[in-house]
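Below: one structure, written as structure tokens.
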Amino acid sequence: MNSRMNIRQLLLNNSTIVLFIVVFIIFGIWSPLFYSPENITNIIKQAAFTGIVAVGMTFVLLTAGIDLSVGSNMYLSVVVSGLLMRSTGIDVLPALIISLIVGTLFGAFNAFCIVRLKIIPFMTTLGTLIIGRGIGTALTESKQIDFPEKMNDFGQTLFLGIIPMPIVVFALVMLAGYVLLTRTQFGRQIYAIGNDPEAARKAGIDVDRVMALVYILCGFFAGLAGFVLVSQLGGRVDRSFGEGREFDAIAAAVLGGTSLFGGVGNVFGTFVGALLIQMVQTGLQFNLVNLYLQPMVKAVVIFLAIFFDSLREASQKRLKRRFIRPVSASTAGGD
Amino acid sequence: MAIVQDKLSPDSAFALTNKAKRSDRFSGGIGMLRRLLVSDYFVLYLTLLFFLVASIFYPTLSNPASITNQIQNFWPLLAVAIGQTFVLIIGGIDLSVIAVMGITSVAGALVMAENLDPAFFDKSPVWGSLMTEAGGVLAGNPLAVPAAVLTMLLIGTFIGWLNGVAITRFNLAPFMVTLVTSTFFAALALWLTQSRNISGIPEAYVTLGKGDIVSIYLGAKLTPDIARRDILPFITYPFMIAAGLAVVAQFLLSRTVFGRRMFSIGTNRKAAEVSGVPTQSVIIRVYMFCGFCAAMASVLYSGRLEIGQPSFPNNLLLDIIGAAVIGGTSLFGGKGSIRGTFFGVAFFVLLLNILNAMRLSPFIIDAVKGAFILVAALLDIIRTRVANQEQRV
Amino acid sequence: MKTSMKYLGLFVIAVLSVVVSFGVVSAQTDVTICFGFQDLETEFWVAGHRAITETLRGQGIEVLEYNANEDPNRQLEQIRECIAQGVDGIIIIPQDGDSANTIVAEAQENDVPIAVFNRPPNDRSAGVIVVADNVSATEQAVEFIAQKALRQFEITGEAVTPLILVGALQDTNAIGRRDGFFNVITRYNERYPGLFNEPIEVATEWDAATALANLEAAITANPNVDFIFTSSDFLFPTIRSVLEPRGMWVPMGQPGHVLLAGLDGDATACQLIDQGYVDATGVQNLFLEAELTMNRLLQAIEAGETAPNEVLLDPGFALTAGNIFFQRSDMWGCVLYDDGFLDQ
Amino acid sequence: MTTPLLQINALSKAFFGISAVKSVTLAVHPGEILGLIGQNGAGKSTLMNLIGGVVPADSGEMLLKGKPYTPRTPADANKNGIAFIHQELNLFTNLSIAENIFIDAFPRTRWGMIDRVTIKNKTRDLLQAVGLEIAPETQIERISPGERQLVEIARALYQDAELIIFDEPTTSLTARETERLFAIMRQLKEQGKAIIYISHILNDILKLSDSLAVMRDGQLMAHEPTAAFDVNRMIALMVGRSIEQLYPPRSTPPSTELVLDIHGVSAAGIVENIHLQLHKGEVLGLFGLMGSGRTELARMIFGLDPFEVGDIRVEGVALNNLSPQSSIRNRIAFVTENRREEGLLMNIDIANNIGLVALPEFARTPLLVIDRRELLDNAQHMANTLQLKSGNIALQNAKALSGGNQQKVVIAKWLLSRPAIFIMDEPTRGIDVGAKYEIYAIINQLAAEGSGVLIISSELDELIGICDRILVMSRGEIYGQFGRNEFNEERILRAAFRETAAIPTGEKLPTLDEMAEGSAS
């Protein structure tokens, strides 16, 4: 097979990366400063929180589920830790842990509804999307929360003196997501469930447990992303915090090749997807494109990405269809 | 019932015994509850029950003015939810309806608006062409309103066509396609109007959005003038339009070849294709219809507000999909009805009103609303499970 | 099945207990006022909401609150519902000036007096309208820092690069503020050619994360920005987290200070003016507006006036380091700040 | 006799008061292959599900090696050394072979990660044991159905299963793969494993099993050494009466008038230069092994897949722009091999399933309203004609029918469009003996009424029983033709089997004559 794979196939198979490079080059020609290390760092830094949520979302999408509640989860988990930090004066690290706990519990509630009550993920997370923000609003009475100064210092910390904290967390999450998905039993079982939940049950996989863990993990990552974002933002949480971020996360995962129908996807793709979205946004702002046109350009780029992906699928289908005979041992084992 | 009796058939024996069993199980209180759960009108009963319980505590809810007012709130939401129901039945989803409402509302205004303020609009890309100080393209023309409505419907249908083509021809996921068109057209609407609402909408259009056809007055006629607030709208243009749409949609769905084909696609697209169902064209037409319904809803919404409104809030989308799903439409396709969607719409509208009437603090109203949606979804799960048991046995 | 029935039972009990617990309706009073607001997204709106509801309730008036969640259609529905419930008067914070017209007309047609707070209807002939002029408040604040820029320009001769953080494009307030900003820049450039470079617009969508990303991109592309106006004060912490690591977060009077102005006048802005980081903020006199609105409406209700029409003006002012000492008590944000709002 | 590996005593199971398994007592011994037969709905699957822990029993007991055995989940059964190989394979196509084998319990390294070296090595050994030379990392979606079956067996071996249940394992296998599977089963038996083998192919069971159990209506009708059975007795026990004939006799001779004429159809890599003529009233068999291109050819004729050269004529008129819709207009019907995925709308009622193809015919202008009464009457008439066993066809969903009745619904839906050409791909797959006979009778009837019927099947017996003529397909080519008087099982198989003989790609295939010579020498 490899020998027959021509350039077109190679391009199609990596369509999102190719699109990424093309967009990167265009922005660079437009304005060479775009290639400055500072700007590149910015892009990665700003993509961090979307990327972290998108990793959790990738897990969920792999099981053919969906989690619309991540934006609300981000909000609620930082609201709780912010209120506690202000009222009890706890340090940044305990506050982070509280955010993670709230995010995880939020995910666990989703998991309970989906796994135990059997409410489909779309409706469950639609409900918790409204409830989560509702509880956050009730706790704050819609007021903003300002984290103490030390939160801001945490957000501005540079790891090893050069790498901003959000990027470090982002990298760790990517690594953790990659290891979980490819190197652990849990990860491989997620793929199995996404491929065929009924078969997974028959194969002795504890489907309920894996599904529950997936939503809990997604909640955990949402809590983490909320905390990272608020530290970047100078410690202020207002009522619109995290609103609508679920769509960014889903788009990042899908652009990275994750299927909404489950079983297909990986963390690296999600990484590229998250970066692509942020890069387009940054590039448009960088080059001072009319504010009204920015969303339209973004929409077109996302459309191109999913369009190329569909071409890839179509061509793969064509390639597969040629095997009318069983693939013999020698050829299948060869690659 | 035509059961072919045959020694070889275990199935027929099954069918007979089950029928006997079924009638047993329906006796008693549990049986009543079960029958209620399985009923197609379950959501309606639930809504009414909730409404009755709430009205005991908050009598204002059941005053005639409030009731007729709530009913008026059904129609625009129903119009757009009908289209969404169609899309959900074929196993798709349309996230772009909100943007369609915005862009069509603007387009309609661009046709019929009377005088536009250059201070607001002179930066618009269409200033001087579609927009002038005199107003929209057909400003003042007696045919302006019908032309505007027609334009709106055409544009809505066209965006639906775009969605449908991208989904069928390129095999893209509906979720992503409509997310993209939603972003694009929402931005386009804002760009065209430079974020401004367009006022100066002709009276005839406003009538479509809120005009009464038949009104009622309850109570003694003490003074020669009846206060406006005591005249209750009964049959209104929005009611006629939305109800008309609902009747057409229900008719399409249950009586025509097109409707059967929709269900077959939603149940099993491959099998439908093999059976000669022109799946691509059916899917495209369904998305077109959804765009059409959104444009119709846009007429109702922007008519009653008397403006061309470029942006509609995104959380309306949750109400639209929520209403359809609570009304029994499956997100996996193949299941759904207009009647159910109507009940779902009633549920959403009344729920929100009841929560407000309960004097809940605005800070916790959202949390409670979300909880109610989850409860309704849970009840639907239980209901489906009970119904499946009836089927299986 | 059994478990689901159990859950069903639990939920029914939960629902009923919610209904019953709120069933204890507060004592009926003579006057009921319906208060419909567009949303409670930022501190400004929360403060306004609180000022109105608490004052009214303090006077023994029943308040029906309706949150339209930024949906003018829902607001229209809610106001109609208020009318149907027979309220005595209506106060709205509308989503925009156009839908406000329709809603005012709806109320007056049904003989219910209505007052509009903060965002004026385009047609100001109907209803009690308390106008807080976004454009003029913005112009005052921007003018203040433009003056400072001019003095700098006269000394150094170097053009100033202005930047504006634009709010959500679907929000009329955001658009009004953007207009005010550009009015000042254009005026100054006509009078003092070469003073301002082409202004840089940064999209925020009223979302701090978006603002952060875009501002960072804009500053990286144009490191010479030295004049920033934010369409809402709630973004100051975000601005700070972009400027600080670049050494641009410098108080007034020290070299490298970036001219900063905002609008709303919230507690943070007051604090930052105190500390010298922010030069000016356009302030609406929130408490005055609330009071004007309520008084006029209650007066109308008492007099049986069904369609009171009056325009009451809050011209707004720019709060600066220079006048903060005198105007502190007029500035709602400073009142909150002095009450310890930021460290509660 | 030794202690049985598994002893079942008076096991019963009812669903909602309907017994599916009635007091069955049965034993399997180590080193024994137990054949299990019965019509669909006879309770075989339920019995196996009881053993496999999919559903719990109502009463009775199971003893595993003399100890009580009450599995609650499939995982429980696995732990107790019972492996269940389902008809629809339980593999995850997006994962590798090794991952599939270890999916429920991966060996781990000290760090809790998957021990990839171990699984690779172990998988290689396991694959060797089942005679599959494929790299352990190969994704399942890249291997053939037969190879997948072997992977399932490897998985059972890994779990150290002592009892392996095969539920109709050969339905999707080529003949060669079937042979390989049987060889492995015999090997497993010699190693002392017990096997329960469920199949509808009676000859296979006779060849393979040591003892044979027959079920009907949830009860065990017989359990004796295989030597005590022949096909007739097996059928008699299954259906509760003796069936004289397996196939209804062909009553009407085909006419000479052509209804379908396929001329030189080729699609690169799939089929090559296909010539095929179908006459009115003819039942034409298309025999070939899985992957010989027969299904692909059928799909091309029906317009589901494209081809590059050649033309197709229906009643003398050349077709172009083929699509299912145009084919239906040209009165072609296509019963696909995959009922579940392409044949039926499982969650929709029977009447609407039957009406789907001919839907436009029930539409009344101008609004294209469906005449529901007429649709229902027609569907009911069709159901009666085909002796469909169902509840109310307007209420009952297709899902609730047995396999044979589902197939009748598929046929009924095509019949309503009055086709002149009937293409049926594996029309009797997974259907029990009684229903098969009825399907054959329908085919006969169709031919008698003048339709041309093209039947694709992997069961040669079946084709020989019902066809006027048989074409053999191999490697995407038509490879031989046999008239009714030339039917000879061995020769037909020989033609078909060339396909899997080791012929390197590119080498010219031998002609039919050469093949005959080859076999003679």
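For this structure, a couple of remarks:
Here the chain labels run A, B, C and D in written order, and each chain numbers its own residues starting at 1.
FYI, contacts are C-beta pairs under 8 Å (C-beta built on N, C-alpha and C of every residue); 3 or more make two chains touch, one makes a residue touch a chain.
Computed from a predicted model, the values in this text were never measured in an experiment.
Path length between chain C and chain D in the chain contact graph, taken as the least number of steps between touching chains: 2. Here the CA centre of chain B is 45 Å from the CA centre of chain D.
Averaged C-alpha coordinates put the centre of chain A at 31 Å from the centre of chain B.
Contact of a single residue of chain C with at least two other chains is seen at positions 4, 7, 40, 169. Taken residue by residue, chain B touches two or more other chains at 190, 194, 361-363, 365, 368, 378, 381, 389, whereas all remaining positions touch fewer. Touching chain pairs in this entry, ordered by label, are A-B, A-C, A-D, B-C, B-D.
Looking at the complex, you find that chain C touches chain B at residues 1, 4-5, 7-8, 11, 14-16, 18-20, 22-23, 25-26, 37, 40, 49, 64-67, 69-74, 76-78, 80-81, 83-86, 96-99, 101-102, 109-112, 122, 169-172, 174-175.
On the side of chain A, the complex with chain B involves touching residues 113, 117-120, 122-124, 126-135, 137-138, 141-142, 244, 247, 250-251, 254, 260-261, 290, 292-296, 298-300, 302-303, 306-307, 310-311, 313-314.
Chain D contributes residues 16-18, 41, 217, 239-240, 302, 304, 324-325, 327-328, 334, 336, 341-348, 352, 355-357, 359-360, 362-363, 367-370, 372, 380, 383-384, 387-393, 396-397, 400-402, 405, 413, 434 to its touches with chain B in the complex. Residues 166, 170-173, 175-177, 179-181, 183-184, 186-188, 190-191, 194, 314, 318, 321-322, 325, 331, 361-371, 373-374, 377-378, 381 of chain B touch chain A in their complex.
The part of chain A that touches chain D in the complex is made up of residues 179, 183-185, 188-189, 191-192, 194-196, 199-206, 263-264, 321-322, 324-327, 329-330, 332-333.
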